[in-house]
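First comes the structure, then the notes that go with it.
Naming follows writing order (A, B, C, D and E), and every chain is counted from residue 1.
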Amino acid sequence: MAMIVDALSWVFLLTGGFLGVSGGIGILRFPDFFTRLHAAGVTDTLCAALILLGLMMQAGWGLVAVKLAFIILFLSFTGPVAAHALARAALHGGLMPLLHRAEDDPSKS
Amino acid sequence: MFAAAILAVLVTMGLALIRAFRGPTVYDRILAVNMFGTKTVLFIAVYGFLSGRPDFLDIALVYALINFISTVAVLKFFEYGGPGRAATTPDEGEGD
Amino acid sequence: MQLGQHLPVLQVVIPLLSAPLCLLLRNGRLAWMFTLAVSWLVLAGAVWLLLQVLAHGTVSYALGAWPAPWGIEYHVDHVSAFVLLIVSGISAVVLPFAGISVAREIPADRVSLFYTLYLLCLTGLLGIVITGDAFNLFVFLEISALSSYALISQGRDRRALTASYHYLILGTIGATFILIGVGLLYMMTGTLNMQDIAVRLPAVTDTRTVRTAFAFLIVGISLKLALFPLHLWLPNAYTYAPSVVTAFLAATATKVGVYVLLRFVFTIFGAAFAFQVMSLGPILLVLALLAIFSASTVAIFQDNLKRMLAYSSVAQIGYMVLGISFASLTGLTAGILHLFNHALMKGALFLALGAVFYQLGTVQLTQLRGLGRRMPWTMAAIVIGGLSLVGVPLTVGFISKWYLILAALESGWWPVAVLVLLGSLLAMVYVGRLVETAYFHAPPEDDREVREAPLSLLLPIWILILANLYFGIDTSLTVGVARQAAALLLGVSP
Amino acid sequence: MLLSFLAITTIAVVRLRDLFAVVMLFGIFSLLSAAIFVTLDAVDVAFTEAAVGAGISTVLMLATLTLTTRTESPPRHGTLLPLLVVCVTGGALVYGTLDMPRFGDPQAPIHQHVAPRYLQDSPAEIGLPNVVTSVLASYRGYDTLGEVTVIFTAGAGVLMLLGAIRRRTACCDDTGKGGSAVNHNLVLRVVAKILIPFVLLFALYVQFHGDFGPGGGFQAGVIFAAAFILYTLIFGLAAARAVASPGVLRVLSALGVLLFAGVGLAGIFAGGDFLDYGVLASHPVAGQHLGILLIELGVGTTVAAVMIMIFYLFAGRTR
Amino acid sequence: MATVLGLYNYWIAIFLMMAGFYVVIAHGNLVKKIVGLSIFQVAVFILYISMGKVQGGSAPILAAGVTSYSNPLPHVLILTAIVVGVATIALGLALVIRINEAYGTVEEDNIHSQDEPE
């Protein structure tokens, strides 16, 4: 049983890490603000949740796991909300998303 | 295994930092700060496990809290100039 | 007596406790009376402490009942008891003056806040003087500094804000330098208690870290002290601050800075290290002389009286540091003596200027024509204070100049003695300028009749002036304590 | 590794002209330095630095920035002299570090002389697992009293500077109408309503948990204030002021300092020295616990009250 | 090589100190000066804390099974110093606001020019 839990947490940690790095690269390479926001917003919360889940499995039951659960809960609340507020503020601030790109139209989610 | 996670987090923090420096518009910088904040939360959590003292998590929680508050604060200030005002109509005192 | 044993701590805790209480008292007069009572209590404590120290040597008090190097320890010896007396004495005298003067200069709803900050500044200064722990000294230094920034910024003129801002920047840099110095010392000796550092320092003195710590501490303290090259914040800060704040800070803040310099150079590093290895003597000597001459010459051309006296304070600090730079018994006595005398002189002069400001609303020299006839008492006080500044016999200034020259001759540098005399001649010029406009010019014809300052302003001024004269004649108390303090610092028998 | 991040951020802060970016990078700077404190095993310090450095200072600076200009004018006078002064001081410091004990070597003098006693004896004498809190509150309790006074001075100073004039200018209107991005933003209001009680609960947890894990009076006070700041940001100053009126805050900040000094005086009246908790209760260790608990409470109230008061004053100064 | 590695922390702290110091001296904008001042102070804290670290020691919270701890004293000192730092920054910013109201600008050069003629 322990072996599976370890393997599982290992997988979670790695995918979380990978997601984080991809988010990082995304934030750098994307042309305009809103696509970057999309990249960062999504990976941020998901990568955090995955890594923390991996840690929870490592820590087993107990106070530490409860604390980790709190953090996941808190992050899953604040992450998307911050991204949402940021998007509205940017829109409001007059920052036009890049719609009319000639060759490929980045799918603005 | 922890080391791999920490390395990944550190790399993302570096990338976020570069974006923070280069970011043309202010919103890019806010985004980079927000992402950097959540990554530090992860860094603390994983580092706590790496050094065998998992009771560091209170700090990680405070980080997440502070990160959220500063993001909201930045948005508020940037838009309406006054933290006191509950963001009244946009036509009055538009963000400079 | 059970209370007597706790005296050193009560000396600081009483003003500290009364500051929040003073904030709760909303109306100004009540706050003023409360601060007055507290200040007189503190003065009584200081006198009692001085007697205790003179009676049986240094008093030490462990806080929280933890022994010295672990807990924080209060260590009151002759020097600290002497400076304690000065600070609480000046505060006890300045406060009665502050009653009306503050009511006029500070808007009504902020008077109780003003007294709260005044008490906090007093707490900070007293805390610095008594503490025996290096880091505790930094904490109380910060308390007194923060409260003096806020107090200075209350001046009527909008330039008070910029003056207070520059003082904040330079003061914080100075405090951080002191923090770096204390940190490096802690790194090499492992302890923060001053006596303990002094014991463990000789083992590591030849390392470069200790020398850098020494350099940073000296620069940090001289920033706080407004020694010559680093005095840029002082003239503006004292000119634009409310008159009561200028009087209190001029007579106490720089004195506590000199005390901190004495404490670090002599108690922690020891005279041998400071003067032989680090050749502090010549550096201080040159800086002191530069301070005396440059500040006095600048003072001569000043139109605003407060600014003129501020520059003359920088010059007087030069005299104090000059006394210290001789590192001989008489030199040190002269330095400590001038600490006391200068507090009396500057306190009286700034209070008198406060009275003039109260009546005329300005301290520009041009408006003071013929004031001698219309405000006889205040102007007489200013004249005597000025004479004492110059060092005319029978005044306090003469005593300290006398010991300075004695120390200079004793250590064989007779040119320095001549320079000291030249310095007092410069002082003679700007005091003369003041006296000349006040007495020998006809008062302006405008109908605004100027009455003499009210009694409650005059009384404190004249108490200080009489003290000026009294200690000019009967020097047993001041010179006695100063000599014992100097002996204690140098570690030689008096 | 982290330190090099820090160095890069600092260079950016020095070079950047747009003050908004500078303040945000300053936020990153304190977050990073708090992370470094964690790697250097300074848990309590990381806690405080994050809460105070990244939280309060950044918010206050932003408040100031909204009132002043946003971009900084290029320095006209030459930068040679300051560079020279900086290099000289830097050189002196590096010269000083050459004889320092190497980073982290256990033989360094500071680990030999005073510190071991704290680590060995504190369980017996004070009985708190968190040695930092026991040293902070008991061994060097007087420093903490000084610290609370510093906070109180800052509060009184800012009140003095920004206090009275605010009444004359018309207080900010907060009609809250209109499609403003943040206020109308239902999501933010809902989330804030859910989060704020949780944050206040967390602040109380930190306050009383200070003896066992990282935490204590300061951190709890700052988190408490952060919750209020969040409330003010979302629901406007007038609403926040209805919750905690400035008058109450003034009294609270004074009470905190009085409580702290009162505990010290109680030590005297009970026969011990100032701030000696041993005499407070029957058994010395129980006395220590009681004393430290009360002191943390006093510290917590003062810090929270002063931080909120300062924020109100800054927020009340809208143009 | 041992010296460089051993003192790496201190040199970075010193570099930060000097960067903060430079900002305080060279830049005219009052807000920028306060940011510089705060960087200068945080750097001093890093110097203090890296003094207290013991190789292989862990955080000074007594827990079972952990033998060597880092030195708790610098942590206590720094807790005080951080609070002092924030107090100075709060006061400085309040002054900047008042100066901005009185002078209308926060650039040091404009303030001086407004003062000279009087």
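A few points about this structure:
Basically, contacts are C-beta pairs under 8 Å (C-beta built on N, C-alpha and C of every residue); 3 or more make two chains touch, one makes a residue touch a chain.
Treat the numbers as computed from the prediction; the structure is a model and nothing was measured.
Of all chains in the assembly, those touching subunit A and also subunit C are D.
Note: the chain lying farthest from subunit A is C, by mean C-alpha position. Ranking A-D and C-E by contacting C-beta pairs places C-E first. Chain centres here are Cα averages; for subunit A and subunit E they lie 32 Å apart. The distance from the centre of subunit B to the centre of subunit C, each centre being the mean of the chain's C-alpha atoms, comes to 47 Å. With each centre defined as the average position of its C-alpha atoms, the distance from subunit B to subunit D rounds to 19 Å. Looking at subunit E, residues 17, 21, 30, 51, 58-59, 61, 63, 73-74, 77, 80, 84, 87-88, 91, 95-96, 98 sit in touch with two or more other chains. Of all residues in subunit C, those that touch two or more other chains are 135, 139, 142, 146, 149-150, 153, 180, 186-187, 192. Within subunit A, residues 74, 78, 81, 85, 89, 92-93 each touch two or more of the remaining chains.
Contact residues on subunit D toward subunit A in their complex (touch as defined above): 180-182, 185, 187-188, 191, 194-195, 198. Of all residues in subunit E, those touching subunit C in their complex are 17, 21, 24, 30, 33, 37, 40-41, 44, 47-48, 51, 73-74, 77, 80-81, 84, 87-88, 91-92, 95-96, 98-99, 102-103, 111, 115. Interface residues of subunit D facing subunit C in the complex, by the touch rule stated above, are 92-93, 95-101, 108-115, 117-118, 138-143, 145-147, 149-150, 152-154, 156-157, 159-161, 163-164, 250-251, 253-255, 257-258, 261, 264-265, 267-268, 272-278. Residues of subunit D that touch subunit B in their complex: 1-2, 5, 8-9, 12, 18, 20-21, 24-25, 27-28, 31-32, 34-35, 38-39, 43, 46-47, 50-51, 54-55, 58-59, 62-63, 65-67, 70, 172-184, 188, 195, 199, 202, 206, 209, 213-215, 219, 223, 226, 229-230, 232-239, 311, 314-319.
Against subunit D, the residues of subunit B that register as touching in their complex are 10, 13-14, 17, 20-21, 23, 26, 29-30, 33, 36-37, 40, 43-44, 47, 55-56, 58-59, 61-63, 65-70, 72-91, 93, 96.
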